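Several structures are given next for inspection.
Next, two complexes with subunit A in common: one pairs it with subunit B, the other with subunit C.
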Partner chain A sequence: MRIRRTQRAAEGVAGYLFLLPFLLWLLIFFAYAFVRSVYFSFTDYNLFQPPVWTGLANYLALFREPLFLTALRNSLAFALVVTPAQTLLAFLLALVLNQKLRGILAFRSAYYMPSVTSSIVITLIFIWLYQRQGAINYLLTLGRAYGHLVLAGLALLVLFQLAQVLLERRRGLPAGWTDPVLGLSSLFLAVGAVAALVAAGVLPLARPADPVSIIWLNTTDRFPQGPISAPIPLIAIMLMNIWTTAPTFMLLYLAGLQDVPRELYEAAAVDGAKPWQQVVHITWPQLRPVTFLVLTLGLIGTLQMFDQVAIIGDQAPLQSTITLAYYVYHNAFPPGAIPRLGMASAAAVVLAVLTLCVVWLQRRVLRY
Partner chain B sequence: MKMADMPTIPRGSATGRRSKVSADLPRPIRPGAGAAYAETIQPDPRWIARRRWARAGIIYTLLLACSLLFVGPLLFALLSSLKDNPSEWPPRLDPPQLNPANWAAAWQLGRQGGGNGWFGQFAPGRSVSFEVRYLVPPGAAAVPPQVQVPRRVPGAGAGAVRLGPFAADVAEVSPPQEVSRQPLARGTVVTYRFRIRNAGTVAVDRLPLDVSVPAGQVFQGATLWPSRQERQGRVQSWNNVTAGLIPYVFNNYVRVFRENYSRSTGQNLFLAWIRNSFLLATVRVLTTLVFAAMAGYALARLRFPGRNAVFFTLLFSMMIPSQVLFISNYLVLRDGIWGLAQIWGQQTLLNSFTGYLLSSVVTASGVFIMKQFFESLPASLEEAARIDGAGYIQVFTRVILPLARPALGALTILTFQGTWNEFFWPLVVLTAPQDRFTLTVGLLSFRRTYGVAFDWGPLLAGAIISALPVIILYLVFQRYFVEGISFTGTKG
Partner chain C sequence: MFRITHLPVRGVALMLAVAIVCASLLVAAVPGPAQAKERVVRVSGWGGTDIAIVEELIDRFVKPQVAKEGIVVKYEPVADEFSTYLMNSLSAGTAPDLFYVDIYWSHGVFASGAVEPLDSYLAKSRVLKARDIVPDLLKAFTLNGKIYGIPKDFNTLALFYNKDLFDAAHVPYPNANDNWNTLTEKLRKVTNKSKGIYGIALTPEFARFGAFAYAAGFKPFDAQGHTDLSQPAFADAFKWYTGLVREGIGVLPADLGQSWGGGAFATEKVACAVEGAWMLGFLRDQAPNLPYGVTLLPKNPKTGKRGNIIYTVSWSMNAASKDKDAAFRVLEALTSPEAQQWILERGLALPSRAKLANNPYFQKGTPEAQANKIVFAGASDGYVYPFSFGKYGGDWMTPINEALAAVMSGKATADQVLPDLTARLRQLTK
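For the complex of A and B:
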């Protein structure tokens, strides 16, 4: 009995010794910091004078301040657009990558490239791409000039495919509507037909059009016009973020796809389920836990979006890009003004509460 | 989880079609079925094989298109970072910097100027021979071009601050001599040659050149393709004729290193930033490995009062945004952790690597990863060691750590990448002087120095350089990246 107790005490001592560095770090740089931030949020504090208790004044002031409300709206819009979009894209990418084909690993590495690159590199590159005479506007210009050829090609592709499948079925072969061999030959036929139409002068090669010169960053305009809209610079950041984060979540989906029992697909195939039906009725429901995880991580990540706003900086108007996280920083270190740490902390607490709500919601939903 | 053996599951259509076909098996095969047969027949194996091949072809095309979407912007940035003007409209995919003929010319000119082929210069007493070709329209008189060595700075932004000698002060240009004439249907192509001599006593690193012709004559080519053409093609302009191969192809990269010096210490800023990022990432990897493994082991294997409370706090800390914590952490560092830093003689830990490292000595997610990993290990091994009389520390160092290699590998990669890419905390803590920046914060200052002047070349070059280490690390240690993601991802 005595020995047992000393042994347990020894284990306790050992445990705390092992834990000591981490525990110190956690206490100073997390627990203390968290409590102090909450405390600051109820005070008036500017770094130079000691904090003065003001109760809920900061929170009341926050929800009357237009910049904070803009930041809150931007953050919510950002989270609500980016999260579903990147989740869907991640799912589709995982489906495409989940093939047993030679060289598929190389493709996976390629797709993951944006996710390992730092936010500053990606954002700098995108600021450049988003310039008025940048590559994105150039691609849109190309689309405006040659888009009609692509549309005509697609229409012809569908027509040729229809005709070929019907022909093949008349010959008694079990060709599906998306038959790959016929698809390829329809594609070649469509490309040839478009080329012939252009050569014959029926379709113009390039439609004369002015170059697209959308101002992506330095604008206060919103899109689309109407009650539900977002600032164009924020949309630019949204597109960029979807592009960078989708590959991260794609990996989670790929891992999840391994756990889907193969028998389900075999059974569905025997019952004559089409590939898309298998995706809708087997893959998607089976991956529900992964989807919840991806949505939660996505919401948490998007709510905290900071780097992109800071890096774009004065290339875009502040109210068009500001998010909650940036609002906090902006109030703590305002350029050429007195720090408002009380307001910053209050906004940070709002951000924390939002994040915790998301986590709580996920727990609730997962319990069912 | 091994990503090497990827699942084979939804090979949807192929599997589906084959089983459908086998369901049709009892039907008689009708070879040479004509249009008259409306019902389904058994297709021959070649018909099915063809479909498999076509399907693979379509999927590869789709995969390639998606790769273009994800790697395209990065590759395009890499390509454009070589250009003299990365914002040219329309953007071209074949910059002269990728043309081997220009490589040979840059090499030759660099040697003529007195440097070696790799890095050229314009040394005293050396002279460079240069040719230009113009198309003179029929009926017009061939007028020799005017050649001038302008007094030009390397670029905008930081590049505009130039102190060194200018080639314009030392260069002597011989009058252009006509060397050949080639009649064509569209006119005559006339080739001129001239020599540029360094008549001074100092070597210059850059020899810019402007060649102008009267309107009507059309530029056809030159020893080296010009950096840009101005005034409707009447002026051809070279940034540096005697660059040598590397400064010619990687002009913007060379500029990034050459143009950024600290105003206080004269240190090369970009090199300093790279060094800082490497140093901080390496130290942080080491401390995180040690402390996260220790804490993870304690939380996973040892029983002591308060363990659950610690673990709960850890989980909670992973959900709290860093923006909530940075104000207090900033103040703690400012005050030198309540004056403790005075023990080793620091009043404040702001703008100090010690401060940065102390505040990120370990990460909650690192501890979490290690705890999850240790819980997945069988307990029998350490129990055997304990029975043999080994102490806790011995068990940890001799038994546990060697087993933890995969998790430690994943943690190393994740921490290195995380620190290398980290933006927010260095931005708050390491603000001055400039040579104390990390690479990410340094790049932000690049946006201010170059971006304002729309001088995108050095910006892109800097971005590419800073992305390279992590991309190489990723390509080499892919497995660990993937494992790290699945570790942190499944925290739930």
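For the complex of A and C:
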């Protein structure tokens, strides 16, 4: 017995010894820094003169400052749009990439690329894409000129498919609405019909249209107009951010998909569940823990968005892109002026409390 | 859960844990390389094109001068966010002995008490006297009567024009006699909507607009340090500057897919741009075949004066430097007449020593020498203010820039934004 006890005690010591370096690191760089920040948030401090206690003055000043309120609105809008969008995109990507296809690994690597590329590099590339005569406006211009052909083709595709399925059924053959073989022939028919319509002059090849010249970054405009709107540069960052973070969460969903028992799908198939019913009633509920994790990480990440705003920098007006995390930095090192550490710390504390509240709310809603 | 049952394994695990902890503690305790007895002076500034220049400057003019006194110069450029780096290192006590201070953020650094006043050193020095330096530049680095930095060089704004576009439209080039009205007429004639040619590229920034506001007689701060934008001079300049764009004579660089006036000028779609000598290197690289000329900014028709903004950078000394005499010896060498002559002749920047104004370099006929001459002259012609807004820094300009952007992009009129703008600046500087 006694040997057992000393043995166990020694094991405990070994465990704590292993933990010690990380605990020290955590204590110095997180716990100590956090406590200091909270203290600074109640003081007037510029890095040079010793901090002067001012009580709640910084917090009161924050909520009176238009730039802070703008940052707060921008951060909330960013989190509310980006988190659901990237979660849904990640889920769909994972479903697609979970198929047993030849060369699926190559596709998985390709879709994962945006997440392993440095966000600095991606932001610089997007600054180019978003230019007035950049690739995104060019694609939109193409869409405006040739979009009617795509729309006509889609409409014809649906029509041909309907006609073919009805014909098959009249012959007494079982044909689903999304029968792939019929779909393929409908697609060829639709493409041919569009080509014929263009050749006959019924449809113009390209509609005359001015090139799209949306200003994505250097503008203070908002979209859509009305009470619920976001600055266009912020929307540009949202699109970029969804694109770069969705693949990371896709990886979590892919891992989760491996754990869904095969038998559930087999039983559902026996009961006659269609593929989309299997996704809605088996896959999605089974992935609930993963969704919880993805939403939590997504909310924390989006509320604390900093790097892409910082890199876009002078390319867009400050009030159109500023987020809370960037507001903290902007106050710690205001351009051309002396640091305002008190204000920066107060904003950082507000950001931390806000993040905690939002994640707590999300836990309550999902009840996990 | 697995349990360590065999003694040897447990022993190994314990030893490993102890070893890791010891190693992590050791790393922190290892002493740095032993301090040599030489007098080390650390010099720092921002990176970019400055690195090659300062390296050569130190090798050619500083090291030979100070080596015999046992002073070793260590150059430590910082690639990005230099002012952030400097604020941090000054407050943490790890700052270099000599460093750049940009006039734009100089006030906060000087007021912090972390920068050494240089008056007593200048009084003792045999080679560097306060009277050697262009007075307006030295004044810009003076706070409460004390000199906190020796300007290393400076820049002002000038009017760059594209000779081809003026020739094609049969319009005479802008010249030093132009005022706002005559220049507007010239620009109107050069503008050609069908070819997409604009008269002038104007950015919605006080950093350019300010020169015109000053020309009209606008004073950024009154004797009490308040800002009053209700001065008629400010509204006059605001309406003229934004009106050029609203009339279609001027264009925002952003509308040409460019981020600054120089970029717009290089597209050859605009006939004029308001920039400083930093344009020269840019045009040499980006538009080597663009035939350009440079002239002084136009005069305000009412005051008959020009305005301008001085952009300048100083060498300043760390108040916590261990060997201030050595640091000042290095500062003397960095700003010596020979060093400044070399910088000027290389066309790198304009010198801050007053005597170099009559340098033969300025008499050369090359466009670059001419441009430098105009930029040098701009510092002492009319109402000239340094690019500095005291303790307010960028916060002082932000409301003005926003108002300029709103009017120049057509979202509001000058009369709509000016009352609110006046109130915001009054609130900021109250």
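FYI, the second predicted complex is superposed on the first by the 335 of 368 C-alpha atoms of A that agree within 3 Å, B and C clash if a C-alpha of one lies under 4 Å from a C-alpha of the other, contacts with A are read in each partner's own complex, and residues count from 1 in each chain.
Here is the rule we go by: a residue touches a chain if its C-beta (ideal position, glycine included) is under 8 Å from a C-beta of that chain, and two chains touch if they have at least 3 such contacts.
These numbers were taken from a predicted model, which means no experiment stands behind them.
In the superposed model, A:133 makes contact with both subunit B and subunit C. When both complexes are overlaid on chain A, the residue A:335 reaches subunit C alone and has no touch with subunit B. Judged by the touch definition given at the top, the superposed model places A:33 against subunit B, while subunit C stays out of reach. In the superposed pair of complexes, A:11 makes contact with subunit B and with subunit C alike. Touching more residues of subunit A than its counterpart among subunit B and subunit C is B.
Of the two partner chains placed by the overlay, neither subunit B nor subunit C lies in contact with A:143. Of the two partner chains placed by the overlay, only subunit C lies in contact with A:218; subunit B stays clear of it.
By the document's definition of touching, both partners, subunit B and subunit C, reach A:21. Looking at the shared chain after the overlay, A:48 reaches subunit C, while subunit B stays out of its contact range. Legend: residue contacts after superposition of the two complexes on their common chain; A:315 is shown touching both subunit B and subunit C. Residues 10-11, 13-14, 18, 21, 47, 131, 133, 315, 333 of subunit A lie in contact with subunit B in one complex and with subunit C in the other.
Looking at the complex, you find that subunit A touches subunit B at residues 8, 10-16, 18-19, 21-23, 25-26, 28-34, 36-37, 40, 47, 93, 95-101, 104-105, 107-114, 116-121, 124-129, 131, 133-135, 138, 170-174, 176, 178-181, 183-184, 211, 243, 247-248, 251-252, 254-255, 257-258, 260, 262, 265-266, 269-270, 272-276, 278-279, 282-283, 293, 297, 300, 303-304, 306-307, 310-311, 313, 315, 324-325, 328-329, 332-333, 341, 344-345, 348-349, 351-352, 355-356, 359, 366. Across the complex, subunit A is touched by residues 3-4, 10, 13-14, 17-18, 20-21, 24, 81, 83-84, 87-88, 90-91, 104-105, 107-109, 111-114, 254-255, 257, 259, 388-389, 391-395, 398, 402, 405-406, 409, 411 of subunit C. Touching subunit C in their complex are the following residues of subunit A: 7, 10-11, 13-14, 17-18, 20-21, 24, 46-49, 131-133, 215, 218-220, 314-315, 317-319, 333-339.
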